[in-house]
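Pasting the structures in now, so scroll down.
Look at the two complexes coming up: chain A is in both, with chain B in one and chain C in the other.
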Partner chain A sequence: MATHTLDITKEHCPMTFVKTKIKLAQIAEGDILEVILLEGEPLKNVPKSATEQGYNVLDVSHVEGNIYKVTIKK
Partner chain B sequence: MFDFSEEEIYRYSRHILLKDVGVEGQDKIHNAKVLSVGAGGLGSPVILYLAAAGIGTIGIIDGDVVDLSNLQRQVIHFTKDVGYSKALSAKEKVNAINPHVNAIAYKDFLRADNAMDIIKEYDFIVDATDNFPVKFLINDACVMVNKPFSHGGILQFEGQTFTHVPGSSCYRCLFDSPPPPDLVPTCAQAGVLGAIAGMLGTIQAAEVLKYFTGAGELLTDKLLTFNAKNMDFKKISIKKRDNCPICSEHPTITKLIDYEQKTCEFK
Partner chain C sequence: MADQKKLSLIAFSGDFDRLTAVFTLATGAAALGYEVNIFFTFWGLDAIKQKKGRSFVGNSFLTKIFGFLMGGLSSTPTSRFNFFGFGPKIFRFLMKKNNVATLEELVEAATALGVNLYACEMAMHVLGLKQSDFIHEVKDTLGVASFLEISDGGRTMFI
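Here is the complex of A and B:
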């Protein structure tokens, strides 16, 4: 069970979730994806969208400043 | 498996966002080969939307040339294309919309002697024709070689469509054979509201994309009809016939037939 990281701090909605979905599609079932994103729209939307589409959001944590980490299990 | 470029990810982002499509669905769309029989009223929206969607290979068969009277509804062709091959005109538009699509033009009509060779190269066939003989030909050829297809027909303000997959009811389950000549519309009855070609062809394009992605339920064993005058849409259940001459266990039709088109040769 591997852990992968994806930085989407430079993306804008809806490409934030597009990039998250692409990474999730590339990793193995059961793997963990840590998504690094900005507060505001990305933080509000990415965990919500992932949950809506059937992924398991394990954790949302503050990294530093306006940067957050969303942990998703495939 | 999928290996989309950044440009493709961005281009197809609105598909990728859909739960029922996603990257996996877009990859299936990318690997799909679809044949549009006809590049006219129905073929225009079918080909345009499938090209935009990123269908990997789109075959376009049409032996006709663009006529000025086509432009009222055949939106893939432009005024400058009058007199030019419809198949080539459509192919050029496909390349302009989406260079990732491999468009193959056949400047020919589908007939009993070429149908099998062409159809066998594709995963899904779209009936975008305007005459009964070819509708029966597409049905028979697809049933014989187990290919799915979308049937479509429009006239005046009305349209009808259904989707066939191997094992579901076919066009001959609905209609045994082409209608007698006196029931085929005459020249005066051959008018068509341009926009209904878009309405019906777009439904066919959506069925193709649903077929490849597995999203939702196809129009199999259901005939969708609409009348644009009052915007009534109806879905009628259709049943596979035990005595269907082509798709039953003991078919009476075992080879392809070129029926005669008895109507006036309207454009």
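Here is the complex of A and C:
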């Protein structure tokens, strides 16, 4: 079981959740994906879209300033 | 999946800005798990041409001239502020500078996410285009009846 990291702090809608979805499709079943993102639209939509697609959002934590980390299990 | 949400877009416009809207909605919806269909017709067909620049695609003198004037994805004009072709260049620069996905990146993401691309059979006939003139991701050429069938049960937008 591997842990992958994806930094989407420089991305905007729709590439924030598009890149997350593509990355989730590439990793193996059971792997963990840590998504580094900004508050606002990405923080609201990335966990929501992951849950809607049947992935398990394990944790949402504050990193620093306006940066957050969303941990998703495939 | 019987209960999968569905979005069907009719891409009529061949304008850079309107096509950006088409592919932004398409990629966003596909990433959210929607089944997405785009039906390209008339000017919209420029977006899916194999040749991205200007080329004489067509099957007669007139349609070849049309094909050249219409161009492909990289020669699409903006609906406003086109400035004889400089407008799209300025917008591409601004989008890159602000890290917003460009039209080409959105098209690539759309095909990677499995968005279904269809071409309008009637418009192709008028413009003298064949399915082989389009990128190979184009699934099929359709008419109104098939489009209505495909889009049934979902939301449809005309752009």
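Operating definition for what follows: the second predicted complex is superposed on the first by the 74 of 74 C-alpha atoms of A that agree within 3 Å, B and C clash if a C-alpha of one lies under 4 Å from a C-alpha of the other, contacts with A are read in each partner's own complex, and residues count from 1 in each chain.
Everything below uses one rule, namely that a contact is a pair of C-beta atoms (placed from the backbone, for glycine too) under 8 Å apart; a residue touches a chain by one contact, two chains touch by 3 or more.
Remember, it's a predicted structure, so these values are computed and weren't measured experimentally.
Partners chain B and chain C, brought together by superposition on chain A, clash.
Contacts of A:E52 after superposition on the shared chain: both chain B and chain C are touched. By the touch criterion defined above, A:F17 reaches both chain B and chain C. Within chain A, the residues touching chain B in one complex and chain C in the other are 14-15, 17-18, 21-22, 52-53.
Those residues of chain C that touch chain A in the shared complex are 24, 27-28, 30-33, 98-101, 105, 109, 112-113.
Across the complex, chain B meets chain A through its residues 2, 4, 9-10, 13-14, 16-17, 19, 22-24. Contact residues of chain A toward chain B in the complex are 14-15, 17-19, 21-22, 25, 52-54.
Remark: chain A residues 10-15, 17-18, 20-22, 49, 52-53 touch chain C in the complex.
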